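You will see chain A twice below: alongside chain B first, and alongside chain C after that.
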Partner chain A sequence: MPVVIVDGQEIEIGADERLNCIEVARRAGKEIPHYCWHPGLSVVASCRMCLIETGQRDAATGKITMVPKLVPGCQTPVKDGTVIVTESPLVKDSRARVEEALLIDHPIDCPICDKAGECLLQDYHFQHGQPERRADLQPFHSRKRDVGPTVTLFVDRCIMCTRCVRFTREISGTAELMVTSRGAKEEIDVFPGHPLANKLSGNVVDLCPVGALGDKDFLYQQRVWFLKREANVCGGCSAGCSIHTEHNQDAVYRLKPRENPHVNTWWICDEGRYGWHHLHDQSRILDAARKAASPSHRGSGATPATETVEWADVVVKLRDDLKTAGRLAVAVSPMLTIEEAWMLCAVARSIDPEAFLSLGFVPVKGEDETFPGGFTIRAEKCPNRKGVEEVLALYGAGGHSWNDLVAHVAAGKADAAWITAGYPGPWIDTAVADAFANLKQLVVQDLFDSPLMRLATWRLPATGFAERAGTWVNVAHHAQSFRQAIRPPAGVWPEGRLFWNMLGRRGLYDATAVRQQLAASSPAFTALAGEMPATGVDLRIHQLA
Partner chain B sequence: MTPFKPVLLEAVGVPDGHTIASYKSRGGYAPLEATLAGKQPADVIEMVKASGLRGRGGAGFPTGLKWTFLPKDHPGPIYLCINADESEPGTFNNRILMEDDPHQVIEGIILSSFATRASTAYLYLRYEYPRSWHRLQDAIDEAYAAGYLGKNIRGTSFSLDIYLHRGAAAYICGEETGLIESLEGKRAWPRIKPPFPAIEGLFRKPTVVNNIETMACVSQIARRGVDWFKSIGVPADPANPRDPGSYGPKLYCLSGHVEKPGCYEAPLGITARELIDRFGGGVWKGRKAKAVIPGGISMGLMTESELDTPLDFAGPGKVGCLGLGTAAVVVIDDQTSIVDFLHNSARFFAHESCGQCTPCREGTSWSLRILERIKAGKGRLKDLDILLEIGNTMGMMPGSTICGLADGAAWPMKNAIKKFHSEFEDYIKRTNPSGWMVTDPVPALQIAGAH
Partner chain C sequence: MKPSDPSITWLEEKPLGLAERLYLPLFVSGLSTTARHLVSPKVTVSFPEQRPKVGNPLIYRGVHRLNRDPEGRVKCVACFLCATACPAHCIDIVAAESPWPDREKYPESFHIDELRCIFCGMCEEACPVDAIELTSLLDLTGKSREEMIFDKEKLLSVYDMTKDAEPMKSASMGCTP
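Presenting the complex of A and B:
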């Protein structure tokens, strides 16, 4: 195995690994500071922050010959015997000078900059900069430029790492951003009439190591040091991108991509990134309620009286109502986690052993869209169809679709239906909803009002993606577990908690315990046993092996 | 020294010397025909290697050796790029060659393409040379008509097309990978190396980039022979194994404060003093030289006492200059302020820095700001230390930049401040009697007209 020497420490690397000095140093616990290098983009070696000393150890004699000048760590591949020095006086001086140079044209307007607190220029200045400014002091200036619907460019804060430019050329393939002018007059800009308006545009804000690119959605909303982050999975489509939900006091402020080589690498799409606002929509359904009126009043147009039901009572009364009604049909939403889906199926079968189970409504918008960098936005706008189908298969209902359920109900084969939904937007029209009009009991569990909700005898609130814990299985059978990031509003019980209690289980709902049981009881879910890695596992791992 | 008869400049002053008829009457294209009739590409490479020809573009890299870096038996296209983006301040020898003897250049391009197996050559011409543009295009048309360009030249399997490309006036396009990027239609940001152009260059194919004067030398070597070429110039220094010698004639561009500025051909190794006195008619107005730029502004400065330095590839380096560069000798007389000189130099490099690497982008602009302030009477002695530090740390040599532009900006700064330190000190103390000793940061001046 090739051995690389990082500051005297021998690091073994894989025989066919192609690594640069920054990556190898990281394995040795040494951070080589860098701005322009990003593992997902081409190497330009232009910021010169990662300059280090390198050399080569002769395999036969063990003698080390050093290169007589500094080299960029990002551009220098390592091989057996490569020697890397990351902390020599020469390297430290060079870093201090690059920091100083970058600050010459920087406004240093940290107090009003959104990036403050997570800014590489700040961090590196404290780690590697010099204590005193030597450059001529300039009056404060901070020009703003609108470069697109989602992004504002703070021109003077830019350090010209060109990550954003390379992103639009290499990953989104849209090439809106460019560099204009020359030398210290250089600026990032867009071509006239061609704003930064691609479906991945928000990623340039994540890529920006300083506060030059601001996300309009997040701008001036919150200081980043107040934010807490939870590893989550995006519920926007069946790609299931790994994200960090950044929140404070049960309010989400922004979503950031979380690096996951199996799923989304370093990126997320704008639809996912900004797709959390529905969580804090004022029109969300917050109370569990039961219609007091008799079924004959339904469809007459008059709003029947409803009574709010305490959650503890829901557990009992819902079961009783459904049991009394008779034949049950249940739609298991692809927005639910596999733990919730599994428990819901168990609840349904405990009420009616013959209950008809099916997949819930699967929202589809357009077609899958793949970008030149390989990133794909899926047309299927739900995160867990694959997972719910696997769960349904355990109950002998693997092939049942939403349309099957609608037909089943329309044919009068059910007396009661329990529809789980949880979609962020409108999903059902009156024509489809009418099929459910003549049921004795209709339970609808959703985020917002809908034609179906208006027919419901039981109206239950659903929870959004950041408010639940569990496991989703994406379109490529990749399962990722996540924890709850924020609490749902107004004491709403997440679906998992309701099903857990309806199953009569003790204590607080524990998604991990349910996952372990699921993994133990079904070969299809064996891969989920034990501790889940942060990047998830492929459900088919055992079948593949 | 024996009288030297110009070879590269033999067409200068000849009526219609730029036409193919005139060129052929001087023996032109006969070597090409002989080469195509009976020689192999390897023979031409061997000839150029044996001649010791070093690239005339500035770096002085051995031309034949550069050609051998191309991959052997490469199946795809190989490109030859001719660098005529002559923008080093003080340099105009390529222009003379292109305007007065374009066929000498074209024959060299054809021979070099034959040697490197390139079937496409791009000539990247500086925007500000409209006359060269027309002369070259006319000459290329003539060469096509005469059957020296096109498909199956002279009945052989060798084909060559030359495309004339006009740049858009940026200094950085003269850097070989900047030129390649620009030819590809991109922003001329020099590429990181490796890979070197010989492995992956234009359109990601093996590419050789050579200077106009180098091409003219190839023509002359083919016509007059290796022995003739090696009889001119300075042989390799036996004490220095890394010195391949400086052979052949060289076009020196003499300008500045001399009586007769112009482009003069002389054997490599002529001293600056001899060049100024014998060709330039001495420093103008009977004054003395204060400093002389040996080869374009980026090479630094020689003082009066260093003027006996031979202007070969190794000479200027011995007195602390960067090298021979383009052999553009600029004379600065003793009435000129060296502060003004350095300010002018800094203004050029701050304007022309491509802005890719932080140390160059910010270093050139910071040094200009400091010099603007010094000239505005607000200089401090500390500024000289900062300027020297910037000069010592930016560039390819310390490893802090991708290309050599920053070295070119650093050298005049280092040379001027080291060799004329007392003048800078006096200037600062005289113009800023109350503040020259301040070391705290000072307010920046508004810079007008720097760009």
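Presenting the complex of A and C:
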């Protein structure tokens, strides 16, 4: 095994690992500061912040020969016997000078800069900069430039690391951003008439180590130090990207990609990034309500009386109503977690042992779109179709799709239906909903009003992605567990809690306990037993082995 | 610290002398303090008919005000540093893009709950542009809790009311104009 010496510490690396000095130093617990280097982008070694001393140990004699000048750590690959010195006076002095040079052109408008608090320039200045300024610098206001529908460029805050430029060239493949002028007059810009408008554009804001690129959606909304973050999974499509939900006082402020080499690497798409606004939509359904169940009311056009039902009563009355109605059909939404889906199936079969179970509506928009950097946006706009299908297979309903359920109901084979939804936008039209018009009981659990919701005898609110806990299985059978980031609006029970109570289980809904039971009870889910790693597991791991 | 700690020096109480045991000399010395204050000049005032004199208005911590810049606009840049520093969490700011070309950000709304405030002056310390200041107004009353939540207009009006008596501290303390 090759051995690299980092500040006197011997670090073993894999024989076929290709690492640079920054990555090896990180394994030794040493952070080499860097701006322009990013593991997902090409190396330019332009910021000079990662300059370090390196050398080579002679394998035969053990004698160390140092390179006489500093080298950029990002650009220097390591091999057996490489010696790295990250904290010598020479290195420290170099870092302080780089910081000083960057700050000469910087507006130092940290109080009004949205990046303050998570800014590398700020952090490195405190860690590696000089305690006093030698230049007579006055804070000034940065020029602002509109570079696209989602991003604002604060021209003077930029330190010209060109991460954003490389991102648009290498990952999104759209190359909107460029560097204009040269030397001290360098600026990031776009060509006239070609704004930064690709589907991954929000990532340049995450990449920016300083406050030069601002997310219009988040600009001025909140200071970053007020935000709390919860590791979560994006529910926007079946790719299931790992994200951080950043929130404060039960309000989501932004979503950020979470590094996950198995799923999304470092990126997320704009659709997912800005796909949380529906959580705070005023038109969400918040009360559990029950309508007089006689079909004649609906035929006459008169609105039957609805009564709001307490959640504790929903648990009892819903079961009674469905039991009285007779043959049950249940649509298990692909927005539900596998824990919720499993409990819902159990509830349904406990009400009607012959209940018809099927997958809920699967929204599909366009086609899968893969970018040059390998990132793929899936056409299937739901996070857990694979997981729900696996759960349904446990109940012998593996192949049933939403269309099968509609046909089943339209053929009059069911007296009651329970439709779980939870989609962020409109999903069903009147023509499809009409198939459900003549049921004795229709339970609809959704975020927003819909033609189907208007027919429902039981209207139940659903919860959004950040408000639920559980496990989603993405299109590649990769399962990721996550916890609840924010509480749902006051009075709304997450689906899991309702199903948990309807199963007669005591105490608070515990998604982890349900997941472990599920893993223990079925070979298809064995991979989910025990603690789940933050990056998730492949559901087929035992089948592959 | 235990009683056996060597850094503690234990002292015995002195036994009472004759004067203490007689009680009369102590009685006289106590009464003489009372008598001296009876005739000395008064330090209290009959508030609210009389106003107490504030020693140094520059460092007094009374009602807040939001300063205006030379053009009469609110000086605050909505950086939230006062809200971050506030130990009582009584400051609530909503930031927005400023309508003026020379400024980037400004407070769309700015609320201070004067009932929650503990008048510690941390907001004034934290402000990078000297926009929030504590005046020497000390009698703050209201008829309802809602009335005691000061909004931006009210805080600016405190500035208009007090700016002549108490000019912005920035000038005399070498801060931002």
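The working rule: the second predicted complex is superposed on the first by the 538 of 545 C-alpha atoms of A that agree within 3 Å, B and C clash if a C-alpha of one lies under 4 Å from a C-alpha of the other, contacts with A are read in each partner's own complex, and residues count from 1 in each chain.
Quick note on the criterion: a residue touches a chain if its C-beta (ideal position, glycine included) is under 8 Å from a C-beta of that chain, and two chains touch if they have at least 3 such contacts.
These numbers come from a predicted model, not from an experiment.
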- Task: Could you classify chain B and chain C on chain A, in the superposed arrangement, as clash or fit?
- Result: fit
- Touched partner set for A:182, first chain B, second chain C, both or neither: first
- Message: Per the contact definition in the header, classify A:60: touching chain B only (first), chain C only (second), both, or neither.
- Response: neither
- Query: Taking the superposition as given, does A:431 touch the first partner, chain B, the second, chain C, both, or neither?
  - Reply: neither
- Message: Tell me the contact category for A:134 with respect to chain B and chain C: first, second, both or neither.
- Response: first
- Item | Vertex chain A, arms to chain B and chain C (CA centres, degrees, nearest 10) | 90
- Hey, is it chain B or chain C that touches more of chain A? B
- Partner chain in contact with A:144 - chain B first, chain C second, else both or neither: second
- If you've got the overlay open, could you tell me the nearest Cα approach between chain B and chain C in whole angstrom? 16
- Message: Residues of chain A that sit at the chain B interface in one complex and at the chain C interface in the other, please.
- Response: none
- Note on the structure: Seen from chain A, its contact residues with chain B in the complex are 43-49, 51, 69-72, 75, 93-94, 97-98, 101-102, 104-105, 132-139, 159-160, 178-179, 181-186
- Message: Considering only the defined contacts, which chain C positions touch chain A in the complex?
- Response: 77-81, 84, 95-97, 102-105, 128-129
- Spell out the part of chain B that touches chain A in their complex, as residue ranges. 170, 187, 189, 192, 350-359, 361-366, 369-370, 373, 386, 393, 397-402, 441-445, 451
- Could you please specify the touching residues of chain A with respect to chain C in the complex? 109, 111-112, 141-142, 144, 219-221, 223, 225-226
